[in-house]
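Here chain A shows up in two complexes: once beside chain B, once beside chain C.
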Partner chain A sequence: MKKKSCRPYLYLAPSIAVIGLIVIFPILYTGYISLTNMNIYHWFHPEFVGLQNYAKAIFVFDSGFLSALLRTVLWTGINMVLQMVVAYIIAVLLNTEGLRAHKFYKTILMFPWAMPGYVSILLWKMGMFNNEYGLLNQWLGKLGLNGVRWLDGNVSAFLSCTMVNLWLALPFMIMIIDGALQSVDKSYYESATLDGAGFFTKLGKITIPLVRPVIAPAVVITIFTTFKQFDIVYLLTQQQGSKTGADIHTVITYTYEKAFVTNNYGYSAAVSVLIFLLLILFSMFTNKELKEGYR
Partner chain B sequence: MKKVLASALSVLVMLGALAGCQQDKKAAPSAKPTESGASSAAKKDAVNLTIWYENDQKIGDALQAQLNDLSPDVKVTVQRKDKMTDSLKLVGNDPQSAPDMFFFAHDKTGLYAEMGILAPITDFISKDSLSDFIPMTLSAGTYKDTLYQLPIYFETQMFMYNKKLMSTPPKTTDDLLKFAQSNTKNGTYGFVEQHSTAYYAVSWIHAFGGYIIDKDAKPGLNLQGTVDSLKYHKQFVKYQPSDGDYNTMTALFKEGKAASTINLPNLAVDAKKAGIDVGFAPLPTVNSTGKQLSPYAGIQGVYVLKSSESGKKEAITSVLKALMKPEVGVAMSKITNDAPANNKAYSDASVSSNEIVMNLKNSADTVVPMSNVPAMDVMWSVTENMLSTVNKKGADPTTEAAKAQKNALSQIADMK
Partner chain C sequence: MKYRKRIGLFFLNIFFILICLLCLIPVLYALGISLNGHNDLLSSNVSLIPQNVTFDNYRCVLFEKPFFLWFKNSLILSAFTVLISILVAVPGAYALSRKRFRGRKMILNLLILLNAFPAILSMFAVYRILKPLGLINSFTGLILIYIGTMAIFGLWNMKGYFDTIPEEIEEAGEIDGAGDFQLIWKIVLPLARPSIIVTAVMILIYVWNEYIFAVTFITSSGKYTLAAGLYALQATDYTRNWPVFSAASLLVSIPVLVIFFCIQRYMTSGLTAGGVKE
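Here is the complex of A and B:
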């Protein structure tokens, strides 16, 4: 009996070891560093300083942080709604009966996912939004209109970042919704049609309830990815050597600029732990909402 | 049978997963220091030294070629290392993993010195032996009165113009402004620069008596000179593309759409290759202060790691002596078009006939070496935020400068 109970743990051991090494250990080590004075002046022999770094890190949560937090919530909300709506429409169109070459369209739609995010973002920056050479301003110029400084103003930069995020995130959402739609038994729709149900009735009574359990985990994953998005906002507006002047910091870019450039690892680790706790709270809240939604 | 196989596979996978954690002894780039009491046979063994660098492969190859002559007594391996700054932070004090020396720009001198991984080069060579070197290049690698870098060459920004679009280069900034005003139309520009980047805008700040940070790590963003430079410089930004980024500005000059620019020597080389007839002129003088624009200079040179100091002193000394020779600067300038740090290199015809190199050399007295204090790391971002807000969003220079100074002081405090 005892032998039997050990075996599952043996099978799980490699996975647990890998998870422990790449997930648990870095978190614990970050927690340890946050309690030391590890900075360039005490690099190789840091000393234990208790909660000093946390006392300092609390000041990161100033008015700038609060506006960044609100902006991040707005950014997450807008992006999620747009992603869901646009991906749903595209997925429905892809599932239109009799659509020719739908596999080709699917492949094309997956393209943004195949490109490294960093490259895509910089291509958008130079190829689309650049005031001088960007495609958007070239078009405006051809129409006899003045160019727009896409990434300089707060609102236009926010919208531009949203556009890029949408472009990068859509393939994943389309794939999930497309799969979910294909899993719905067509006979439900046929019965509903016979009963005289219209498009919106079918959507509300058949499609959404049936695809919701499939889409929900993907939505949670995407909410987190969007909430802690760094690359798009940083590379488009904050990159060293080409800052645009737009102040659209998210929580992550704000703390990066306030803490991580200081080479003070103890302090930066304390800020990271606080953000980690913030995300845990957010995760608990989202899970609770999701569970309630299932009932 | 299945269970045995599953168990064996589990163990194998776990071992495989943990295999990456072992230290790769073969990866250790340098041999252990020779013990002082070693036998005469051991003394005859070659001392292996490793030098890391992050620049272009050609630079590493040129360094390697200069050091091959030290063989068989000293075998030097010049090894390219991506993300060298981060690697040195992680292993800089570990003789098993760290190199013996590294080749890098001078601006991280303070950072590494404070971390305690650098050995002063005066432990190996006397300061007097460096009397042929341009003083500015030596001061760049000096931190808290200790010289840590052996300078090899330096680069800085220069005024370059398209001879087809600009017949006479301006002597003053007011002349340059007038030229920009009258020659900026229909997608062509009289003057372009990376106006909102700290590295480029600092030449204007210096010309007005301001600075980004001084040698005591005191930021100077709210100084009257800095604020005055922001106000004056803003007039030029009006006649340039608002992006102000490297790609846009260099593309405009290379495509013949910009008459003049201030940039690094490699742009001149690329523009010439693109068919632009490039001319060079001294940087213009600011009318109101009478001071010439004075950009930052970056000095590339060699550092010695403290972890390698004992037991390899003779070998390291011989490497430093080899790199002090004017021939090294000559070889490097042929590849980089940068200016050798050793004055003797300029007697070589290939150097003295190189217009770009001689322009750089002539500016050596007016340029300012980039600050090498650790606090400079936070100043780049703070200064650039200030510049982009003033230049791209039209914010008030005085207000932004005060805000940036406060931010800089707070971030410098956070470093400790």
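Here is the complex of A and C:
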């Protein structure tokens, strides 16, 4: 009997060992680094500086952390709303009765999901947004308009990133909402129509309540991925050697830059810890959906 | 009424054709550019490309850059990562799904939490930890990182699927005297195939597409993966040579595209993370 009780731990040991080494220990170590002044000059013997790095991130407004955080929240909000609305409209239209090519369209719409993310982003950067030979500016040129330097200004770069994120993230959302819509019993709509319910009544009284529990976990997970999005902002505007001049750091690219570009490891670690605490807080609020989502 | 409906469907089809085009445009444009030896739109960098020959951009990618070497590296890395991750995660997921033991709840909650943590944030700490172990610029180090990052996903995803397999089948096997190993090998694995396939493919695609850890932890370009190589090239050589870059991008993407569309039918059942249940 005693042998049996230790077997689960044996099975879990390899996973725990590797997660411990690569994920947990580095997080704890990051916590330690955040309390020191480790940087390029203090690589081997960093000094303990207490909460100084945290104070700098939170109370010195010029540090850029708070504005990056605000921008990230804005980024997550705008992207989630756009994604949900557009994906919902497309999914509903896909489920129109009599649309024979439904499967075909859906397969093509999944394409951006299948492409390697970094390739798509770079193709957008070089093919669509490029100032001279990008497709967008070519179109503008044909219309007789001046080209826009898409990735240079803060606002236009932010919008460009949103566009790319929408393009990348829609397939997953469409798949989720499409699946949820198909799980709704059609007879509800029939009887609602008989009772004289209009489009919005049906939407508010039938579709949304029935679809919500099915898509909630996926939505929460997408909020996390949008918040954590690194590749789009980094590859489009912040790449080392080809910065475009737009400052649209999200918290993740901000932390990356503090560690790997300006080599301010202690400060960067403090910011990492702050972000982690925020994510813990948020996942406590959404614990139920997350568990559902990963089940 | 019927007539009106038909017109509606007609416009709906036009709408979807437009949306699909919009969806494919960056890729179609890249394809066009990559096949086009001379393009008057590219006057600024046309001198770099041999004119008039259609597949020259592809030849350039394949033979003038260490494409095959990087391809081989990507294959090695993803094969080892997938194999070891599955070997590590299957028993773990089985224990989490079937056994009740102290600390189980805590482990599950911890996994959710860790999954929320963006790996990039602790990248520097990982670097400092692997450096004294001599695991920088080595495949072993990179494979370890990938396994550690994907083990969380693997555990959750497969545990979730194991939960949906009725326990009675195993109980029957247990009565017949089968041990845990036999139970997993003979009963659970065959039943859980969709989930294992999707998990393996997701890990494979992750390794294939991962570039930021690869360029940070691998310092010699001879050990780059395809993703790292392509990333490094676009930052240097290809910045001004968009046709060659498009050719390279498409070549790198093809294996992933093929695999993705092959397993698409398993996607909904194998990836419960979507929240879509059968």
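Keep this in mind: the second predicted complex is superposed on the first by the 206 of 295 C-alpha atoms of A that agree within 3 Å, B and C clash if a C-alpha of one lies under 4 Å from a C-alpha of the other, contacts with A are read in each partner's own complex, and residues count from 1 in each chain.
Following the convention adopted for this analysis, a contact is a pair of C-beta atoms (placed from the backbone, for glycine too) under 8 Å apart; a residue touches a chain by one contact, two chains touch by 3 or more.
Predicted model only: the values in this text are computed from it and were never measured.
Peer 1: Between chain B and chain C, whom does A:Ile280 touch in the aligned arrangement: first, second, both, or neither?
Peer 2: In the superposition, A:Ile280 contacts chain C only.
Peer 1: If we overlay the two complexes on their shared chain A, which of chain B and chain C does A:Ser242 touch? Say first, second, both or neither.
Peer 2: Once the two structures are laid over each other on A, A:Ser242 reaches both partners.
Peer 1: In the overlay, work out which of chain B or chain C sits against more residues of chain A.
Peer 2: C
Peer 1: Now for A:Met126: first (chain B), second (chain C), both, or neither, which partner does it touch?
Peer 2: It touches chain B and chain C both.
Peer 1: Could you tell me if A:Tyr11 is touching chain B, chain C, both of them or neither one (first, second, both, neither)?
Peer 2: After superposition on chain A, A:Tyr11 lies in contact with both partners, chain B and chain C.
Peer 1: Of the partners chain B and chain C, which touch A:Phe44 in the superposed model: first, second, both, neither?
Peer 2: The answer is first: A:Phe44 touches chain B but not chain C.
Peer 1: Of the two partner chains, chain B (first) and chain C (second), which one does A:Leu21 touch, if any: first, second, both, or neither?
Peer 2: both
Peer 1: Taking the superposition as given, does A:Leu203 touch the first partner, chain B, the second, chain C, both, or neither?
Peer 2: After superposing on A, A:Leu203 lies clear of both chain B and chain C.
Peer 1: If you stack the two complexes on chain A, which partner ends up touching A:Ala259: first (chain B), second (chain C), both, or neither?
Peer 2: A:Ala259: touches chain B and chain C.
Peer 1: Quick check on the superposed pair: does A:Val81 touch chain B, chain C, both, or neither? Answer first, second, both or neither.
Peer 2: neither
Peer 1: Taking the stated contact definition, name every residue in chain A that is touched by chain B in one complex and by chain C in the other, in rising order.
Peer 2: Residues common to the chain A contacts of chain C and of chain B are 7, 11, 14, 18, 21, 126, 130, 132-133, 240-242, 259, listed in rising order.
Peer 1: Under the stated contact criterion, what part of chain A meets chain B in this complex?
Peer 2: Within the complex, chain A touches chain B at residues 7, 10-11, 13-14, 17-18, 21, 39-41, 43-44, 56, 126, 130-133, 149, 152-153, 240-247, 257-259, 261-264, 267.
Peer 1: Can you list the chain B residues touching chain A in their complex?
Peer 2: 3, 6-7, 10-11, 13-14, 16-18, 21, 89, 93, 111, 114-116, 194, 196-197, 199, 241-248, 251-252, 374, 377-378, 380-381, 384-385, 387-389, 391-393, 411, 414-416
Peer 1: Could you list, by residue number, the parts of chain A that touch chain C in their complex?
Peer 2: The contact residues of chain A facing chain C are 5, 7-9, 11-12, 14-16, 18-19, 21-27, 29-30, 33, 90, 93-94, 96, 98-99, 101, 105, 107-120, 122-124, 126-128, 130, 132-133, 135, 138, 167, 172, 175-176, 179-180, 214-218, 221, 224, 228, 230-231, 239-242, 252, 255-256, 259-260, 265, 268-269, 272, 275-276, 279-280, 282-283, 287, 290-295.
Peer 1: For chain C, which residues are in contact with chain A within the complex?
Peer 2: Residues 5, 9, 12-13, 15-16, 19-20, 23-27, 29-30, 33, 41-42, 44, 87-89, 91-92, 94-96, 99, 101, 104, 107, 112-126, 128-129, 144-145, 147-149, 151-152, 155-157, 160, 163, 180, 205, 208-209, 211-212, 216, 227, 230-231, 234-236, 239, 242, 245-246, 249, 252-253, 256-257, 260-261, 264, 267-268, 272-277.
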